[in-house]
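Order of writing sets the labels: A, B and C. Residues in every chain begin at 1.
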Amino acid sequence: MLEVSGLAAGYLGERVIEGIDVEVRTGEAVAIIGSNGAGKTTLFRAIAGLLQPMEGRVVLDEKDLTRRPAHRISRAGIAYVPAERHLFPAMTLKSNLVLGAYPRRPDRETLELVYDLFPRLHERQRQQAGTLSGGEQQMLAVGRALMARPRLLMLDEPTTGLAPKIAQIAFEALEGLKKEGMTLLIAEQQVPLALSVAERGYVLENGRIRLSGTSAELDQNPEVRRAYLGVA
Amino acid sequence: MKAVVLDGIVLGLAFGLLGVGMTLVYGLGGVLNLAYGQIVILGAIVVMVVMEDGVATFLAAVLGVLAAAGVAVLLDLTLMRPVYRQHGEERTLLGLLLTLGAAFVIGGLLTWRYPAGALYINVSGEPVSIIGVPMAVGSLWASVIALAVAAVLLLFFGLTTFGRGVRSIIQDETGARLVGINPAFVRTVIFALSGALAGIVAITQSMSGPLTVNAGFELTTFALIVTVVGGLGSVAGAFLAGVLLGVVNSLSAHYIGQYITTIILLGAAALTILIRPRGLLGR
Amino acid sequence: MRTTRTIGRALLPIAVTAAILAILPSVWFGDSPYTTSLAVQALVFAAYGVGFNLIFGSTNQLFLCVGALAGVGGYGAVILIDETSLPMAAGVVVGTAGAALVGGLLSWIAVRRSLGIIFTGIVTLVFSLAFANLLLGQRELTGAETGLVVTAAADRLGDDDVGGYYLFAGLLVAFLIVFRALQLSHVGWAFRALRDDEVAAELAGVDVARYRIYAATIGSAMIGLTGALLAYSAGFISPATYSFDRVDVRVLVLVAFGGLGTLLGPVIGAGVFAILDEQLSTSLELREVLYGVFVIAIFLFFRHGVVSAVVSLYDRLSRRRQKPALQPSGD
């Protein structure tokens, strides 16, 4: 479904990532692993349109999305949940979800789905998003992304700032989504969690793909353990 | 005393209407449109010229509003493009400077072409008595229009999808882009809306008294004060601040003096910046 | 280590400017009071510009109250003399001190409340307008719109006399020397640091707050002094002399034109705009339009000043050895 080829991107003329080839097939869950500064966020921002790629292509189901602005890529079916979440703090939880479906009006079914997945959101739907806890905000961010019925859901470090138990719940929710047929692309520092949900993974190091393979392969790989610990 | 307060409310609604256009653009894009007062005057001049050619008042008013909206869109599509490419303080500073330049261009051209230009829409009718105070019909109409505009705007931003989209951009622009909102398009629409509001201000102001061609800077100043006190991007804030300042203005002008009154209003803006920068209802 | 050669080189631009200014009357004025008054006006605005350059150009404080500060100097001096019959010099001193105090206070407030550029601009604009209203409101003291006749005005230093010309020329040169001295001292280094990156400067140990207030006070003193001397030279002042439209916009445009933060920027800008004004003496409104166009053009295309752009164009055209484009503030 998603094909990234030869992608290079960065800031102020400096390349942070280079020569990136990533593929995500429909219904798959793929993980991008790497330590801080490896370039995971830059890669995701480039795919999502928040950052203009310097080289390479991003293709979703035959449609070339390279260099399209973020709102167009969102409407094309890629929903991106960034690490900072970027929720609308002064709006109610429900309003945040409703806006997720922009420009369409939200349909009941999808809203029910999100509430089923995250019952806590249903409880607090009238609460202002800015007053939610870290875990609830993360759930809201994912829920908002789902409201657009995306083809591909990208999550950047979904467990940041979450207590281990909450992180566990979050990944269980992602498992649930995958079972429903959602295609996932997840960037994570916490390798075991990521590999537990994903079928395949790519290891990103210093802006380049160092390794790729099935989760099982990566899990056994000693170099992966090195990347996980971030030791040079 | 009742009369003074009522006058203040009428004035305040006019202030609010004046401030709303500027606060929307400032809250949404971070741009302080210092050419706002001149756009109001442009609307007024268009109405004046068209009415001199014999066009009916209502149609002339519509044309004036459209002209003002049109100029606003033109401004957005030309000068504002490089401004939006900047971010944060750089953007506000560049926006402020470029619109200041635009203010001089528009104002200068208008005063050059129509040195004695003034718009006065005479609304005929006997003064109406509100809680025992006789109020001029023109001023009352102006207030009614202002209230109607306020209601429409609040409904629009509170209930419609587009309106919610606008609010979302103000709160988190990146988040808005991620849910599929195009900030550039929304900003142009809002700029056009602020222009239309400027046109409406031209109409309502000229119902209460003649609006002259060199009133531009003064209008911009009051719009700025209301925007600052009311809070960025808040429609309700602009009207609330407007009415408060209007009443203060009226009381002060009646009991103290004209020049001190202006100083007091200016002081209110400065005080807001120093003590509560986000204004009454801003975030 | 400052050798005489270094000092000499540092002062060279000022010396050249002073020389040009000195011979200008004999070369160009031809005894015409009109031309002289134009030149004096240009000098006054150049002087305002140096002060503004110190405040905005060097420390990024958008003070939209140049006219008001000059007015504090001017009205302060004149009212003091009128009320107390002290000599003219006392009036000038008090006026200047008043302006310095006000400017320093505004800067202190901006610093204490961490006001960014925009809010500083709005607060100073509010001060400008409030001051204008104050002048209009206090009739007995200030004469409101009708203005004040300066009874103690000096005779041969009138603003259309050669004497007045030399007075302001001397003032401008003095200001330039002060500006240059600051530029080349540790103060100038601190200014450049905080303009480049405020946070980095703080971390490097620069007390940003102190230097801002410092710059604002000196700059305001310059502006106030010019305003006070203008009162004595012109013999008559009114709120229009120091209004926002007349003073602030013009100063902003001409300093930006010449190059914000540069030594001679205000001088060049004032000169160019004096010539422009002369050519367009026809319509006041069209002049306003032109100013607007200039503001837009300068801040869109010539962020570092038209002069600097012209110089770098020249550099590129003559294809000389790789030389960095004219650096602002003479690094």
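Keep this in mind: a residue touches a chain if its C-beta (ideal position, glycine included) is under 8 Å from a C-beta of that chain, and two chains touch if they have at least 3 such contacts.
Bear in mind that the values here come from a model prediction, so they are computed numbers and not experimental data.
Within the contact network of the assembly, the step distance from subunit A to subunit C comes to 2.
Innermost chain of the displayed assembly, by C-alpha centre distance to the whole-protein C-alpha centre, is B. The greatest centre-to-centre distance from subunit B, using averaged C-alpha positions, is reached by A.
The busiest chain interface, judged by C-beta pairs in contact, is B-C. Centre-to-centre separation between subunit A and subunit C, using Cα means, comes to 54 Å. Note: centroid distance subunit B to subunit C, computed from Cα atoms, is 33 Å.
Distance from the subunit A centre to the subunit B centre is 42 Å, each centre being the mean of its Cα atoms. The residues of subunit C never reach two or more other chains; the list is empty.
Residue positions of subunit B in touch with at least two other chains are not found. For subunit A, the set of residues touching two or more other chains is empty. Within the complex formed with subunit B, the residues of subunit C that make contact are 62, 109, 113, 115-119, 121-123, 126-127, 129-130, 133-134, 136-137, 245, 249, 283, 285-296, 299-300.
The part of subunit A that touches subunit B in the complex is made up of residues 48-50, 69-72, 74-75, 79-80, 82, 84-91, 95, 98-103, 105, 144-145, 148. Residue ranges on subunit B touching subunit C, taken from their complex, read 32, 79, 82, 89, 92-94, 96-98, 100-109, 111-112, 115, 217, 221, 224, 228, 257-260, 262-263, 266-267, 269-270, 273-274, 277.
Listing the residues of subunit B that touch subunit A in their complex gives 161, 164-165, 167-168, 171-172, 174-183, 283.
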